[in-house]
Every structure is written in C-alpha cells, then in structure tokens.
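Following this line, the structures themselves.
Same chain, two partners: chain A is paired with chain B first, then with chain C.
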Partner chain A sequence: MEHIAAEVRAQRASPGKSRMAGKLRRHFWGYAFLVPAIVVFALFLWMPIVKGMVYSLQHIDFVKGNTYVGLDNYRTVLSDPVAGKAVRNSLYYMALCLLIGFWVPIGFAIAISELRRFQGFARVAAYLPNVIPVVVLYGLWRWLYDPIGPFNALLMKLGLDQIAFLTNPSWSMIAIVIMETWQQFGSALLIYLAAVLTVPRDWYEAAEIDGAGVWQRIRHITLPSIRHLIVLMLLLQVIGTSQGFQSQLALLDGGPNNTTMTYALLINKYAFTRLDYGAASAMGVLMFVVLGLVAIVQYRWQAKEE
Partner chain B sequence: MTSHERGILSHSDLRRPRMRLAYGAMLAAIALMIASMLYPFTVTIFNGLKLNTDLNAFPPHWLPRSWHFENYATAWRYIALPGFLGNTLKIFVGNMVATVLVTGLAAYSLSRLRVPRRQWIYLFFMITLFIPPTTYIIPNFMNLKSLGLLNTFWAFWLPAGASAFYLLVLKNFFDSISMELFESARIDGASEPRCFFQLALPLSVPIFATLAIFVFATAWNDWYWPSLVMHSNRTYPLATAVYKYVIEVRRLDNNIKFALLSMVTLPPVVVFLLFQKYIVRGLHLGGVKG
Partner chain C sequence: MRKTMVTLLGMMMLAALLLAACSNGGSAGGDAGGGAEPVGAGSGGANGSDAANGEGSDAGPAEKITISIYYPTPDREDDRKLEDDKIRRFTEQYPNVEVVKSDWQYSPNEIGIKMAANEAPTLFNTYATEGKFLAERGWAADITALFDDYAYKEQMNPILQEQFILDGKVYGIAQRGYVTGTVVNTKMLRERGAEVPPLDWTWDDLLTTAPAVADPGAGISGIAPMGKANDAGWNWTNFLFEAGGEIQAIEGGKVVAKFNSEAGAKALDFYKRLRWEANAIPQDWALDWGDAVGSFAQGRTAMVIAGPDGPVDQGLNQGGMSPDDIAVYPMPAMEAGGAHTGVLGGDYLVVNPNASPEEQEMAFRYATFDYFSDNFLTSLEANIQARKDDGKYFIPPVIEYFDMESAFGQKVKAVYDKFDNVYQYDPASIALMDGKPEAQFNTQDYYATMTNVIQEVFANENVDVQAQLDAAAQLVQTEFLDPIEVK
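Up next, the complex of A and B:
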C-alpha cells in the first residue's frame, strides 16, 4: 500500500519520466532486439571510423603507448614521393578498369540476350570465375602470364614478340586489369542481362516497322532502357576500384618499381611493412575526405541535371 | 510470329546476308568468351595431373601427356587442408549465426516493432554503408587488437553482425511479409521473441539462404583480412593458408601447386552448379551492392 502511494507521488513529481518508463515497457522487445546490433555497429564500425581520425594525429606505439604528434603523420604522407605515385597509379588503375572492363559486360549482355539457344550455358560459363576462390586465380594467372606460359606461347604462334606481362612496368597494371575483368565481369553481366531482357519486345517490333536498323534499335531502345543501371554500375565500379589493392598485392606486391602500388595498397604497406600505423590512418582519413568531396560534387551535379 | 519470340533482332533481320554475318561474328565472340572462361578452369585441373617437366614444357599443352593422380596424394600430404577447411567453416557458421541473431533481430525490430526514434537508429546503421572500408582498414585492425580479439574467431563472428547491407536486405524482406500474420499471433498471446523465431524466421528462409551464399562466398574467398587478424596455423582459414603456403611458396613444384588449387576449386564449383538457380537469384540482390 505504502509503496503504491510512493509510486503515485513519484509519478506526479515527474510525469515525463514515467511516460518514458511506460514507453520503454511498451517497446521493451523493440529496443532489446536492436541492442546487439547497436553494440556491434558501434564497436566494430563506428569505433574504427572515429578512432582512425584520432590515430592519424598520433604516433602509434603498441608497447610504450601513443603520443600526440599533431599533423606530423599528414606531413609524412604528403611529402612521400611514393604517395604521389600511388595516387597516380590508382587513377590509372581506375581508368584502365573503365576502359578495358566496363563495357565488356554490357556488350556481352546484349549479345547473350540475342542467343536463341544455350543462353543458360553462356550465363553459367561467364559466372564460373566468380565461383573460383581468388587465391586460386592468383596462382593460375601467374602461370598464364609466365614467360613460358600459354599467353606467350600464343604470341609466339602468331609471330609476335614475347611480353613479360608481369615484370614489364608498362604491362603490369594492364595485366592485372585484364585478370580482374575476366574474373569479375560475369556478375555484372547477369545483372545487365536481367535488365536487357525486361525491355518490352514490342518496342523493337515498333521500331523495326518504322525502319530502324539493328544498331539504331540498340542505341535508341536498349541502351536508354538500361541507362540508370549503367550509371549505378559505373558509380559502384569507381568506388570499388578506388579501393583496389588485393590483386596488386597478391600478383606483384606493388612492383615492379612501384608501378602497381595503388593508394590502398600503400595504406597497408605503411601499416604492416613500415609499421607506421599513424601515417596509415592519416592516409585513410585523406582518402575518406577526397571520396567524400567527390560524392558531394557528384550528388550536386546529378541534382542539377534533374 | 508472336511478339515475345523476337529479341532486338527479328526473323526477317536474320534473313539478310549482312545481318547473318554480324550475327555469326557475335556468336563467335560469345563462343570465344565461353572458351576463355572454361580454358583456365580446365587447365588448372589438367596441370594438376601432369608431370612437373611436362607442365614446364614450352609451348604448354592443354591435356597431360600422362595422367598422374598421385599428385593429389602428394598435395594432400603437403598441407593439412581439412584443418584449414574446418576454420573456414567455423567462420562461416559463426558469421551466419551473427547475421541471423544480430542483424536479423535488428531488421525485424526496425521493420515491425515501430519503436520511437527508429529513424535515427536506422540512420546510425545505414551511414556506415557510405564509408568505404579501405579508409578505416588500419584502425579496424588496431581496434580488434585493443579489444584482444586478434587470433580468435570472435574477430570474425562479432563484426559479422555489423553489416548495413544485410540489414537493409533483411528489413526490406520483413517489410514485405503481411502484417496481419503478426497481429493475429500477438492477439493469440505470442511474445515478440516468439513472433520472430516461430513466424518471421521460418518465413524468411529464402532470404537467409541467399545471404548464406554471400556469407559463404566471403568466408571462402577472403584471404587478406584473415592473414592480418589470424596469425597461427591453427586459425588460418583455407584461402589464407593456400595463399601463404601454396601461392607464395617458390620451392613447391608447379604440378603439386595446381593439384592443390584444383582441390580448393572443385567444391565451390560443384556447389555452384548444383545450386545455380538460387545463387543467380541472390545476385540480383547483390546488384545493389555491386
């Protein structure tokens, strides 16, 4: 009896608090279900993101503890000639991926959509390299690109000069992009193919009656119909390739002569070879800032266009 | 001729000689593409069955001169594949449990339980989708180190629940389940956990199956991140072990190398060919992610 009275008094004293308590009781399970996710997102995503900015201002020493060094890490990175080269390499890599890799799945999606038979087989075959573990591909492609491997055998048969695909600095990045295009285009192909197949067949019929040739049908019907998908895939590819480093690391370790040292690879080199975790964090922050600015500019530009 | 029988090309197009030539060229390009996809795959398997001298001959040939299945026995003795495979499976199962329990519960709550301020919580999850992981890969590693999780499987299992992409996919799926079902369960006195485990989970088996394919592919493929987080033979997953002990080793004979690579390649390829339909369906979800 007494404690009920106390509760009533407490409720009168702080109506806000009790409303919150009631809300909490009503939504107890709702919040309880969210708590684990909030904890892991905070601990394993937000914490590293925020800590990265802190680490970028510190000299990291796992034994003696971290010390605040101001902008020293940024100075180290910005005065490193390899960092400038890494930025150029990353841009070159992104450009090559667009030039060599981007149009391939679009072209094949349109071609395969025209197959009357074996369409399923073509899809499965194109997707096959996505299924093979990437480490296997690294071993395989090292052999394919070998001076005594199949590519050079083919070149010899055609009467051309041998190419040291991996050790020749002007070929090394191209070799990596060819490998990645081969490995990855299947998944993009399936996505484009699904879109191409949803274009209503009647549109082609109508265009043909109006006298449009095949190229005109592709240019004025197929491609505009999948335009949004193409733009989305372009953005995703640019975001993805700007972070690329694993193939460069696995096939060539950034060499020969740093020609495949991408920015993301240099981040890892700073951390795990030079053990300069502060500078590595600073590079991460710089990359975040640049990508963020690009995203804002792109968003503004797109908003203006629409 | 019905309208759905045609593609970009119609039957009358294909009767024109110039168009036939172009169509033939297109078929040749597709055939070449398929050959370039199948050649490396088959050559991996055939190389694993050659004598090492046969493999290093120039110009290389596709089929082995003589078949050496004993390469597989040598390869099997070279590294302890079952142990590494076990580690990969451990990572996969734990990551899947985290996806169901942590991400699944959160997605269910956001979709069904209408808690106040859920938009802010949703934003808290979703913003992480826009921050490229490479920009915080080093702090992420140091964070795991300071939490004392390095060289334990918890370093994979716990962060596996923190996937904004899977959360988005699951929430969209829960949004599409009819509300009445849950209302009637609640009227019958079912508690929220019961609604989740006995109603929502069984109904979302297809979506979890699709996510399982993604989670499996990541666990099977990922070699670099585990090579940072794990640092002993007992904890390396298969991909990392293959990279460290097969790809990076120069002394190992090439034919044994390829026999090992074949052994790692065949299981996922067989699984893919069997479950192709589901995997391809899952890809359309993946299209959002790229």
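Up next, the complex of A and C:
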C-alpha cells in the first residue's frame, strides 16, 4: 500500500521536477549571470533594509549589545519637535527644487535642441558643473554667496542691500537649491535632450508650414511628446530630493537654527551625532514606508499609462 | 500582483522579527563576551608586567603583535617625520611589535561606527570633553594599572591628566592643553584706528574694540564667534563661565541643566549686542572652528576665540603674519576685576578597550615612549629646526603634559630659548587665564543644543534670550540629562 502511494507521489512530482530541470538547463547561463547582481542587492540593499527594520525596534549598542525596546524609538522620533520641523523643511526643500530647479533642464534641453550651431559645446558646457567635486562646489558657492562675493557685489552695484544668503533663514534653503540646480541640471538635461531629439523633425516642418512659431511648436509638439518623461523625472526628483541632506550638512550643518535641517539630515544627526542608531533606523523605516507608497503610486500610474 | 506584494511584505516582516529575536541575545552575548574581557584582562596584563614603566626596560612581548597608532594627517608633514622617527626607535626597542599608522582623527560623529566596526586604532586621539563619554560607553580602556606602574606618573601635569581620571580610574594620557583665549590681530586694530585693549580687558572693551575695527561693507568683522556645528556652543560657553554660570550641576543624584541662569542670559545677551548693536561679527556667521580661524588668518576678522595655539599657528604660518602683529589675550572678564575664565581643553590619547592586554600595554608604552626623555628633547629640537628651515614658526602648546616649572619643563624651555622661531606667549596674558574644565555629562549634546540658540540670536534681532535658554535647558534636561543616574 505504501509502495503504491510512493509511486503515485513520484509520478505526480516528476513532471514538475523535470520541467524545472529543463528550464534550469535551458536558462542556466541566464541565472548564472543574475547571481552577482542578486548577491550585491542582497548584501547591500535588502539586508540593510531588513536590518534597519530590526534596529528600529532595538536600543543599539555595538559594544555592549543591543536590547529590544519595542516601539520606543518610534515614540522618541514622533515626539521630537525637530522631527516635525525636519519634515516641513524637507517638503519645503522638495517644493523649492520643483519650483526653481525642475523646469531648468527642460528649458535648456529645448533651447539646445533649437540651436543650429554650437550644440555640442552647449551640451558639454551645461554638463560641466556635474563633474565638479562637491568639496570644490561648496567652496565655490560659499565664495559666490560671500558678503563681498560676486552676487553681493552685483547687488550693491545696483544700489541694493547685501544679502546674507546662507545665514538669513529666509534665504538659506533657497541658496542651497540654487546651488544644487546649477550643479545637477546637466544630467537631467541630457536625458531630456535625448527625448526631444527623438521627436520626428517632419512634425516640426509640417507645423512650420502651417505657420506655427517657436512657442507654438514647443507647446503643441515638444512638450506633449516628452510628457511621459517629464512625469517620470518629476517622480524621480520628488523621491531624490526627499532624501537630500548633503549640501545642508556641508554648508550649514542644518542651521541657522534648524532652518535647513531636512528629514534625512536629522536621521544622520540621530545616528552620528547622538549615536542613537535605533531612533535613526526608526526614522529610516518611516521614510521607507512613505517613499514606498510614492513608488507604488508611480508604478500604478505608469502601468495605467502604458 | 497583490498576492506577490503581500507575500513579499510578509516575508520581510518575518525576516525582521527573526533577526530581531536572534540579534537580541546573540549580539548582546557575543559583544559582551568579546568586548568586556580584554578590558579586564588588559588590567591584568598590566598588573602582571613589571616593565610597564614607560622606560621600556624589556624587549616587549614574546610573540609578534601589531598595534595601530594615531598618526598625523598628510598636511602635517613635519609631525609625520617625527612620528616616523618615533616608530623606528620604538620598533628597534620592541622588535616584536609592528606599528601600523592610522591617520583617522577622532570625531564624536565617527567614534561609534569605528568601535562598532572594530576599526578604531589601538591608540587614538581625543579631546578633553570626551573622557566621561568614552569611559561610560566602554570605548576607552581602563589603563589604571598601566598608569600606576608608570615611572613618571607623578610628573604628569595634573591640570590636564586629571580630566581623564574618573572615579579613580585612568582612561587617557594627556598630550597638550589650553585655556581658551582670544587671539587678536593687533596690527589690524592699529591700522584701522582701533585702540588696542589692555590684557586685563572686559566685555565692554570687546564691545568697543570689535566695531571699531569692523567694516561690514568690506567683509571685515571685529570678532568671529563661531556660529556653526558644536563649535558655536563651545565658543559661547566661555562667556557663560565668565559671567559665573555653570553648564550643569549634580543635585540629589541627578544632573541638572544650569545654563539658563541669570549668568547664561547675560552671556547670551552679550552675543546679541555684539551682533545687533555693534554689528561686529561676520555677516556669514555660520562659521565652525576651521572657518573662523581661517578667517582670522586671512585678515577678515580681527579677533577669534579658540585655544590660542591654533589661530597663532595659522596666522603666522599660513596668513604670513608676524609675531608682533598677533597678541594672545585671555578671555575678557565680564566686569573689571572679574575672572578671565576660559574653557580648559586639550588633546589626549586613549587606548582601545577591544585590544588584547599585550596590545594595550604596548600602546600605552608607545604613547609615553618619548615622555620625559632626552629623545623628546631631541625630537622637539629637530622639529623646531625643520620649521625654521622651512621659514615657519613653532607654536608651543599653552599647557604641556608636564609642569613647565619642573626640572624637565626647564629643559624644554632651554630648547625653546635656542630658537627665534618659537612663538613666545606673553607671560602676563597666560597668568591672567583662568581655565575651567568642561561639563562632564553630554557636553557635545549641550553644545549642539546651544548652537541652535546662538544661531537664533544671530539671525533674529527680536529674540527673547531667556525664553530661548529655558527651552534649550528643558530640551537638554529631558533628552540627555534625565536618563543619567549619578553614582
């Protein structure tokens, strides 16, 4: 009786097994090539994510050992008034990046695509700030924003008052966004330019024959043609800027009086200044949840569009 | 799609819970076992040794061991040469010890990661504020036994060494120290028609001198109080001390924040007047130590508050100033006849508690290898000579690890006197300096909190000084001081 049952089991199992084996044989090299990527992702992405979740429930002491503290870290973070300010600062920073920075590469890409000469030079020139090391960037812009630097010299020449770009709380975040826009618009520009150049030239020619001017061509042909890319870049920028903290840290260390303290910078402060890795992890998990939701929205939207 | 998402999320949650359960016990047990033993064993090792006297009378460990030591950064070429020479002499005496150089410079923001990754050197540098913090975290080895056996322990300058002796246990070795003062570019004052104040100066003198030399339109300030990072809180604390205030006090077994006192309000109000009445500080006041001292060396500010050797070094060796152009002042007293109190600070060397007993002992011996020896004098002379050859000045520490009045101190003074490129502090100024140690508990957290308050004062003319201080004190109290139980 038992023997028959085993045979039935083997018969049931074997077609699947052989199908699996066949699949594995056929796609062996494909799977083999996937292994390094999976290992890298597992070690440097998935494991830190899971560990971050674990740490968010613990008091972290790398020397004496960790202890489970339940949701204490979340309570600490949610009751910290600076955390609320950091969220508002991050939203303000993201909005400024959209307002000041988002349209710049689109505008430049369209302008460069319209150039008949020096297009190559313009592309390189626009991309150049992107390759400047950040240390040089911060030094350069500190000089530009200096009370006797070029911007203030110009303002004074125009009979206006000096502006303390970095230390005036109304200006500090704006100053950082202007600097970052200058440095980073080049890479987005290349992506937009590639998209603009794929728009069939005969559409423009037909529009020109119909009497369309430059603005009408941009409004009715270029912008609708790169609409999907614009939305994708918008979502990527929102996700990217929500994690911004480098410039805020390097230039002002989150000051003046937490005016440039972004959410990601506060995570950094919790971890490396207060050495409270548990609370920092809790902040990271909260951010992970919010950004995960944004990513799902983006994915759904994209799927719907397709 | 939904099924896959739910499965994936479930798997992640499960993995998280499993890891949480594992790491609770596993990590605690493993780390405690690995981290605690060497500390205790280190002391044992020291006790068991007859030769931990700093003179290196034996050949060191029988087996080959490796220690990593604090090594100067690449910009300090002369110091590196001296350290290389010391390593050579040390390894000649202890052939079984391999010395690995580590140019990691202590940072309160990095030490946690360094200890967690077990990457901190066997011997690393730190500052005066960090003694209690490192000892409590278990990040500094208890070197009491090694220190007790050290032949020159009685000759270590107690002003510095005592800052790393906590509850009778020794956690660090003093290198050099300072009492915070104000370094003044007297040439700039004279050129701009500002009167050079007397050494026994007051807040009012500062409030007169700073605007007299400042020219905001030209980007020149009278004084550059630090306004960024923890440095801002540290700078302001000098004024708190001058006004007779305290950072914290121990009351009934609890640590209580005290900096929102009347003295604190006076000190913060003085900053407010300096900024808004006198308009004497840089317009881009978000300066940390490097920015402020750099600004002094560039002649963009006439005065800077710091351990005097740093700004003097940068002014003379990088800013091209002459010793006659610079004067080291004590911190100004709040009122005439008051104390010129400045924060007492210094550099220390700490032994890594994760190192083996032999490594700890050798690290201690390395740290004290040249102390009180002729080698130190030879090395010092070579350093000064090398600087002279390069056309640079040598700036001695304000406070040495030894007492300058001792026999060894006199030998060092004799070396200094041989050269004309050794900066000489004005004894009258040094005599006026009144050093006060920093707070023992969560000093960096206090500094960070006060930095925000100072930034608010510098950014907002109508700020309510007392309200800011009260809010800051409450934050420091609840966040950092309440959890502490003083034994």
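Everything below uses one rule, namely that the second predicted complex is superposed on the first by the 254 of 306 C-alpha atoms of A that agree within 3 Å, B and C clash if a C-alpha of one lies under 4 Å from a C-alpha of the other, contacts with A are read in each partner's own complex, and residues count from 1 in each chain.
The rule we apply is simple: contacts are C-beta pairs under 8 Å (C-beta built on N, C-alpha and C of every residue); 3 or more make two chains touch, one makes a residue touch a chain.
Just so it is clear, the model here is predicted, and its values are computed rather than measured.
Colleague: Quick one: classify A:Pro48 as touching chain B (first), chain C (second), both or neither.
Modeller: In the superposition, A:Pro48 contacts chain B only.
Colleague: Is A:Glu205 touching anything from chain B or chain C once the two structures are fitted on A? First, second, both or neither.
Modeller: A:Glu205 contacts chain B only, not chain C.
Colleague: Just chain B (first), just chain C (second), both, or neither: which does A:Ile148 touch?
Modeller: The answer is both, since A:Ile148 touches chain B and chain C.
Colleague: For A:Trp301, select first, second, both or neither according to whether it touches chain B, chain C, the two together, or no partner.
Modeller: Neither: A:Trp301 stays clear of chain B and chain C.
Colleague: If you tally the residues of chain A touched by each partner, is the higher count for chain B or for chain C?
Modeller: Touching more of chain A: B.
Colleague: Going by the contact rule set out at the top, does A:Ala250 touch chain B (first), chain C (second), both, or neither?
Modeller: The answer is first: A:Ala250 touches chain B but not chain C.
Colleague: Is A:Pro129 in contact with chain B, with chain C, with both, or with neither (first, second, both, neither)?
Modeller: After superposition on chain A, A:Pro129 lies in contact with chain B alone.
Colleague: Give me the intersection of chain A's contacts with chain B and its contacts with chain C, in residue numbers.
Modeller: Correct list for chain A: 49, 51, 62, 142, 148, 156, 272, 277.
Colleague: Would you mind writing out the residues of chain B in touch with chain A in their complex?
Modeller: 3-4, 6-10, 13, 19, 22-23, 26-27, 29-30, 33-34, 36-38, 40-41, 43-44, 47, 56, 58-60, 98, 101-103, 105-106, 108-110, 113-116, 118, 121, 124-125, 128, 130-143, 145, 147, 158-159, 161-162, 164, 167, 191-193, 196, 220-221, 223-224, 228, 238-239, 242-243, 246-247, 254, 257-258, 261, 264-265, 268-269, 272-273, 276, 280, 283-284, 286-287, 289-290
Colleague: Name, in rising order, each residue of chain A that touches chain B in their complex.
Modeller: It is residues 23, 27, 29-31, 33-34, 36-38, 40-41, 43-49, 51-52, 55, 60, 62, 108, 110-115, 121-129, 131-144, 148-150, 153, 156-157, 182, 186-187, 190-191, 194, 201-202, 204-205, 208, 214, 217-218, 221-222, 233, 236-237, 239-240, 242-243, 245-246, 249-250, 264, 267-268, 270-272, 277, 280-281, 284-285, 287-288, 291, 295 of chain A that touch chain B.
Colleague: Considering only the defined contacts, which chain A positions touch chain C in the complex?
Modeller: Listed in rising order, the residues are 49-51, 53-54, 57-58, 61-68, 142, 145-148, 156, 162, 164-169, 251-253, 255-258, 272-275, 277.
Colleague: For a test of understanding, state which residues of chain C touch chain A in their complex under the given definition.
Modeller: 12, 15-16, 19-20, 23-24, 27-32, 35, 108-110, 112-113, 115-116, 137-139, 216-219, 227-229, 282-286, 288, 354, 444-445, 448, 451-453, 455-456, 458-460
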